[in-house]
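Two complexes, one shared chain (subunit A), two partners (subunit B, subunit C).
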Partner chain A sequence: MKQIALNRLDELFAAISARQTLLIPQQLENGDAEFRPWSAEAKLYTGLKTSRSAKDAFFPQVENLVGFKVSEQGIELMDTRDEVQPFTLFGVRGCDARSFDILDRVFLAEPVDTFYADRRAAATVVTLACNRPETTCFCQSFGIDPSRPAGDVTCWMDAENLYWQPNTDKGRALTEALSLLEEGEEARAKRVEEDIQAVLKRLPLKDLSLDHVGAGKTKALFDRPEWAELSEACLGCGACTFVCPTCQCYDIEEFKSGGSVRRFRCWDSCMYSDFTLMSAGQPRPTQTERFRQRFMHKLVYYPDNQDGLFSCVGCGRCLVKCPIHMNIVKVINALKEGTA
Partner chain B sequence: MRRDPLIPMIGVVSHIRVDTPDVKTFRVIGLDGKKPFEHIPGQCAMLSVPGVGEALFSITSSPTEEAYLEFSIKKCGCVTDWLHAMTPGQQVTIRGPYGNGFPVDTEFAGKDLLFVAGGIGLAPLHSVINYCRHYRDRYGRIDIVYGARSKEDLVDYEEILNEWLSEDGINVHLTIDREQPDWDGHVGFVPNYVKELSPDTGMTVVMCGPPVMIKFTLGGLMELGFPRDGIYTTLELRMKCALGKCGRCNIGSKYVCKDGPVFRFDQLDELPDEY
Partner chain C sequence: MQGVKQKALELLTGGKADRVLGWRRGETFYDPTPGVFASAEEVERDFVFDAFCGANLSKYLIALDRAEGVTAVFLKPCDSYSLVQLIKEHRIHREKVYIVGVACEGMCGYDALMKAGIEGVLSFEEEGDALKVHTLYGDTVIARKDALLSKCEHCKSKRIVTYDELLGEQGDEVADSGRFDEVARLEKMTPEDRFAFWQNELSRCIRCNACRNVCPACSCEKCVFDNPDSGIRNKAAADSFEENMFHIIRAFHVASRCTDCGECTRVCPQRIPLHLLNRKFIKDINELYGEYQAGADFDTRPALLNFQTGDCEPSIVHVRGGERA
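After this line comes the complex of A and B, so read on.
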């Protein structure tokens, strides 16, 4: 293990940044926190949740796929792929770190999405243990340990130091390049870990029960009357899907200018009324079906296809951001009550 | 240029055939003059006119056709309108093949086959029918029931008349919705015609067509005593990636673009009713 004094964090960031692009969570002027490239003025945001998740680093909201030059002679493909350089993503919390595994199972499955794969391969992920898990956090329900988050490097922070534990070859390579890191006091990192464990035991959502959801539960849950009630006030705004680290739906659109066409993809949301709209009809005509799709996908369909793994990491972002205070915890609990 | 499954190749529309007032069949080859890729009957491809958009179409030609891919496409807005306005020699983009296709070499092998199609629904079946004709000795009896609004709306009418109808061991039953002067064949809706023909319940059925046709034909087949696991159809949903990633075509635990478009009715019974 390594460590560095907190008052030398800027030196650490400067050293990483000299090697490759470094993204850290920062508070923006509008109050939101986001992962942004480090600069000398940047200050590490030490709150837990960035407004948008860390998935943006691998699956950006908008991304060029390919261009076309269209003329009388025909069509010519144009390479519009952004060049991907190695980068370090610092300060990822346990929940977002797990979301990468969840996205990997989609984007890295055959046929591999090379846009996503290139960014994943280029990244060194440095995670940070959550000193004060919040009342909206329920990652532990999904077997995530925020006191020791997975990553190429795992870090802990106390009042004095940042403790640095490389876990993978990528993490060790980064560590070796950072000569300013000192020998770490493992016992102190361990203390941070234990303190977090103690907080976790007191969290209000720690006993969230998931036995009634999961793989194989389509028949049991699909026609439940609770969906109508739960979705009644849903605005279909899609905020929950945009902040969610595991939501992966995208649209493919084109932008035309002169003789060239840029084809890009952008995030989409199953909560939108036009998501499945066809000239031939609309398989999900009301918000109830669309709302049900989002939660059934996270709690049943994804687990069906991915060895029981849920497509929610309990980050709590949707608890904070939904304008009508609907969220996945309420959905899980309502379905539970109906079962009993 | 670094490849990606979402990046298409350029194709040339080498030949266009007018089938009906609103259906044309487009022959597509690569820039090298060859067939863009191999496929199995029932699989689809994404065609696009850059600047207009991309859409998924079932491949109508049989894999045994070595020189090109063909797509019978009904004019119904956006990309299809543009395709219909094209002239031979123009270019499109193409990527694929996508989907599971029909189990022509496994579950269909050795079986008596009943194909039921309505209107443009013949398009996805065309590929499998011609595949089965090509490997005729691998299958038992082949019956085809095909209907459209009018004689003019029957897709591939020339080929049906000149090739399918003249082949031994293939029974083609055509029907149109309403009487018309130059038609002396059967008149009536497909579901009723299927019931009248009262096919053997041991036949494997493959159905494609408008939802009402599917619904009533299925009902008729059930009455006749057909098992649901002996009846196949294809689903059509909105698609974007065709790779099982964009989430668009997700129904229950399946992605129609990847796990479909071909499903047996016993498999559809397991899915939420969102198609």
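After this line comes the complex of A and C, so read on.
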């Protein structure tokens, strides 16, 4: 284990950034936080979570796929792919770190999504233990340990130091390049970990029960009457899907101007009325079916396809951001009530 | 506010309404969800009304207008402006709703507690002008005025425009709400600075459409931005120009019908101050066509839907520099 004094964090960031691009959570003028490239003026956000999740680093909201130039000579293909350079993503929380595994199983399965794969390969992920988990956090229900988050490097912070534990080859390579890191005091990192564990035991959502959802539950849950009431006030906006670190759906659209076409992909939302629209009609005609899809996907279909793994990491973003305060916890609990 | 749940029970059992539109209790303190209650048992079990019931229920009445019978609804002063505007636009029939006006001291939001640095909130109690907040790290007290939703910070009116009965006292318009102060500040900026301000704000937009979907003035059955046949549908901004256009087009479309209910800003997950766009339009309308408040009455026509030969000429927009010519 290594460590560095908090008042030398800027030196650490400068050293990483001399090697490759560094993204850290930074506070915006309105108090929210976002992952942004480090610069000498940048300050590390000390709150818990970024508004948008860390998935943006691998799966951006909009991305060019290919371009076409149409002329009398024919159609010319243009490679619009951005070149991906190695980068470090610092300050990822345990929930977002798990979301990368969930996205990997989709994007890195055959046929591999090379856009996503290139970025994943280029990234070194440095995670940070959550000193003050919020009352909206329920990552522990999904077996995530926010006091010791997975990542190429795991970090802890107390009032004086940042403790730095490399876990993988990528993490060790980064660590070796950072000669300013000092020998770390494991006992102190351990104390941070224990303090976090104590808070986790007191979180209101710690006992969220998941036994009635999961792989194999399609028949039991699909036609449950609760869906109607749960979805009755849903606005059909995409807020919950766009802030979610595990939502992975996208659409492919084209931007046409004069003789050229740019084909891009952008996030899509199963909550939208045209999500499954096809020439034969709309198989999910009302918001109730769309709403059910979002939660069945996270709680049943994905686990069905991925050895029981849920595609929610309990980050709590949808709990805070939904305009009507509907969320996955309410869904899980409502479905439990009617279960024998 | 006491008595709201009691009233809901009374309306259902007394036969005044076939259903009640109100709020369902959440899992915790900040998260009630709008809900329709059809029976007294349901009200007993789930109904809640407290400082965190900020959502404006008016727009749900468009869909409920098609249901048989009468829907009773609880409306705060600002919500009542939205409902009246929707009735004027023939989206809701007045006789299909039984309106219970609820006096309001401003509604609270989770964001405001976070902004005040209160972490680990578990529950709260209303104690006069303050909220007593229980947290993982002990109890604390916050003044209600410091815990308000953004839309309540500059409340324009405590008057409930129309109602069948009232819980609490009827109020007045708030003359010194200060709701245009921030707009005036933006008007004083140089065009470059103002452009930079809006570009910075709008560049955070994730096009989730929450602002549009919650907006009572956005009641089109199919928005052009959702319609694959419109030629301008876009799920995400392909460039920053489009990002600006979405918001400016929306602001134009609701101009003079927007009641300044503030829901768009309340729901934005990226906390973009959309109300400043709408208030700019309202301020301009006030200056160019005379004071106009959408939803304040049943008879007047929205300024931009009411051409008069004496109306100011469009060029005035370019020459007046923010002041009435």
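Note that the second predicted complex is superposed on the first by the 339 of 340 C-alpha atoms of A that agree within 3 Å, B and C clash if a C-alpha of one lies under 4 Å from a C-alpha of the other, contacts with A are read in each partner's own complex, and residues count from 1 in each chain.
In this text, contacts are C-beta pairs under 8 Å (C-beta built on N, C-alpha and C of every residue); 3 or more make two chains touch, one makes a residue touch a chain.
For clarity, every value in this text was computed on a predicted model and none was experimentally measured.
> Once the two structures are overlaid on subunit A, check if subunit B and subunit C clash or fit side by side.
With subunit A as the common anchor, subunit B and subunit C both fit in the superposed model.
> Name the contact category of A:G236: first (subunit B only), second (subunit C only), both, or neither.
Only subunit C is touched by A:G236; subunit B is not.
> Answer with first, second, both or neither: which of subunit B and subunit C does A:T276 touch in the superposed model?
first
> After lining up the shared chain so the two structures overlap, which partner does A:D268 touch, if you call subunit B first and subunit C second: first, second, both or neither?
In the superposition, A:D268 touches subunit B and subunit C alike.
> Is A:D96 contacted by the first partner subunit B, the second partner subunit C, both or neither?
neither
> What is the contact status of A:T114 with respect to subunit B (first) and subunit C (second): first, second, both, or neither?
first
> Contact-wise, after the overlay, does A:F68 reach subunit B, subunit C, both or neither (first, second, both, neither)?
Touch partner of A:F68: subunit B, not subunit C.
> In the superposed arrangement, does A:D304 touch subunit B (first), subunit C (second), both or neither?
A:D304 sits against subunit B, while subunit C stays out of touch.
> So, A:E226: does it touch subunit B (first), subunit C (second), both, or neither?
neither
> Looking at A:D251 after the superposition, I want to know if it touches subunit B, subunit C, both of them or none. Which is it: first, second, both, neither?
It touches subunit B and subunit C both.
> Compute the least Cα distance separating subunit B from subunit C in the superposition and give it as a whole number of Å.
Between subunit B and subunit C, the shortest C-alpha distance works out to 9 Å.
> Starting from the residues of subunit A touching subunit B, keep only those that also touch subunit C in the other complex, and list them.
Dual-contact residues (subunit A): 251, 268, 277.
> Name, in rising order, each residue of subunit A that touches subunit B in their complex.
65-66, 68, 70, 74-77, 79, 81, 106-107, 109, 111-115, 218, 222, 248-252, 254, 256, 261, 263, 265, 268, 270, 275-280, 283-284, 289, 293, 296-297, 300-301, 304-305
> Mind listing the subunit A positions that touch subunit C in their complex?
Residues 28-32, 34, 51-52, 61-62, 132, 134-135, 199, 202-205, 229, 232-233, 235-239, 241-243, 251, 253, 255, 262, 264, 266-269, 272-274, 277, 319-321, 323-327, 329-330, 333.
> Over in the complex, which subunit B residues touch subunit A? Could you list them?
Where subunit B meets subunit A, its residues are 1-8, 10, 12, 50-54, 76-77, 90-93, 236-238, 240-241, 243-248, 250-253, 270, 272, 274-275.
> For subunit C, which residues are in contact with subunit A within the complex?
On the subunit C side, the touching residues are 26-28, 30-36, 55, 60, 110, 115, 119-122, 136, 200, 204, 206-210, 212-214, 226, 228, 234-238, 263, 266-267, 269-271.
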